[in-house]
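Structures incoming, each one as structure tokens.
You will see chain A twice below: alongside chain B first, and alongside chain C after that.
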Partner chain A sequence: MPELDKIIHSPARLKIMAALMALGPSDQLDFSTLGTTLGLTDGNLGAHLQTLEEAGYIKIEKTFVARKPRTFVRTTTRGRARFEEHVEALREICKV
Partner chain B sequence: MNEEPNPPPNRDEARATLAAIDATHAETRRNIGSSEFGPNMIWCGLLWMVIFTYVQFLPGPVYLLWVLAVAFFVAFAAMKKLRPSPVKSAPDWRVGALLLVILGYAGIFWALLQPQGFQKNLPSPDVVMEARKFAAYAVIVSMFLNVIVGLTVRPSRFFVGLGLLMTALVLVGYYCVPAWFCLWMAAVGGSTFVISGIFIRKFWK
Partner chain C sequence: MPELDKIIHSPARLKIMAALMALGPSDQLDFSTLGTTLGLTDGNLGAHLQTLEEAGYIKIEKTFVARKPRTFVRTTTRGRARFEEHVEALREICKV
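Right after this comes the complex of A and B.
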């Protein structure tokens, strides 16, 4: 029986994971694009990302592109599995 | 960040959450440009129809048309790459391996079909035959690329199905309606691309 994940269940983090799941497993999404897509401020997004990273659901990578600092985010295998289980649990609730 | 633990959702809330996930998914794809895939496929289908119709009625240096079409798409893809992408992909060794497989497949079909498109001063029936061979070759090889991508890089039954369907259509046209092969490909192949593009645009999330 799939279970809801308490960390992913928060609306903002659920959307962050949903956005990152739209990419391939090895693809990384730019921090500012993620913030714009979800309508979150940099501070708010940063805090939620930190929670997800501490849980091992995402990886954050800071790098330089054309001498400008850029931050990229991607899901981990564990994060993708937990998100899929969370979605499955939601589907089970819908069936009841 | 201290948050109150959320209570488990009821049926309506779960449904709303799933809808929010779908909406976020679609919005992300729109923002990173993946949603351009559908329209690109429609353009590809239209270009396909124009080239094949042209080749049916004016079979000349057909290889030149295919070279121009490929150059057009390569230039288009390169222009898009110049913009800083919001997505960074890890280098994938499979891409190199796939290129080798595709080159091998292209080589086998070159030997089987033997489209000698660069020969000049061929008698008229041979020119028509060459145009047919070259068109079949170009489609069979590019559709193999679809199948490979659909099986490995981006697992998708859609890509595999499209590749196999188009290859089958090429073979049916090549052997069953040889005199109207290019027109067959223009109508059937072009519309398959256009319908696929519309399908992707409407239903892919």
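Right after this comes the complex of A and C.
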């Protein structure tokens, strides 16, 4: 059976990646929208995003919008490729 | 986003359930075939099977074949239903 990517497979990270994959390759989502969409606390979301960034699957950008700090997240080329491989592996395992 | 069943979602248990789901509802697979197919050690496979049995998703039967102890595993109705719900949730999350 094909291998599953342990970094992507965790339920929260699978959902984060899926939410980001729904955007265009260069589009980004802001931290609070992502947290609200997925029902994750800031601390939990932050930890999972850090894991994904360390793996090179996403890019986190901190910036200021109207003088307020905002955090934006987007997938990397590597992250999109790994997510697609992961979904392909799930498909093969589950025969979906 | 839909919830994922944490018991089924673990990579090893997802593969175990998928392998058992490939059989008919009342068919069973023997422990060593399952371990070889999935590349799991006896200890690892045994631990995951116990978790699945405690959740009521599989049934483990120990018996003797030609005087040798053999362990057989099959899904329960509940296990099959939960696996199908899980795959549906994965489908919805990953848009596959």
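The criterion applied here is as follows: the second predicted complex is superposed on the first by the 92 of 96 C-alpha atoms of A that agree within 3 Å, B and C clash if a C-alpha of one lies under 4 Å from a C-alpha of the other, contacts with A are read in each partner's own complex, and residues count from 1 in each chain.
One rule holds in what follows: a contact is a pair of C-beta atoms (placed from the backbone, for glycine too) under 8 Å apart; a residue touches a chain by one contact, two chains touch by 3 or more.
Remember, predicted model here, so these are calculated numbers, not experimental data.
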{"item": "Chain B versus chain C as contact partner of A:48, first or second or both or neither", "value": "first"}
{"item": "Partner chain(s) touched by A:87 [first = chain B, second = chain C, both, neither]", "value": "both"}
{"item": "Chain B versus chain C as contact partner of A:40, first or second or both or neither", "value": "neither"}
{"item": "Residue contacts with chain A in the superposition, chain B compared against chain C", "value": "B"}
{"item": "Touched partner set for A:6, first chain B, second chain C, both or neither", "value": "both"}
{"item": "Set of chain A residues, in rising order, touched by both chain B and chain C", "value": "4, 6, 9, 11, 14-15, 18-19, 22, 37-38, 87, 90-91, 93-94, 96"}
{"item": "For the chain B and chain A complex, residues of the former touching the latter", "value": "1, 3, 5-6, 8-11, 14-15, 17-18, 20-21, 24-25, 27-29, 31-32, 34, 84, 86-90, 92, 154"}
{"item": "Residues on chain C engaged by chain A in the complex (per definition of touch)", "value": "1, 4, 6, 9, 11, 14-15, 18-19, 21-22, 37-38, 87, 90-91, 93-96"}
{"item": "In the complex, chain A residues that touch chain B", "value": "4, 6, 9-11, 14-15, 18-19, 21-24, 26-30, 32-33, 36-38, 47-48, 51, 65-66, 72, 87, 90-91, 93-94, 96"}
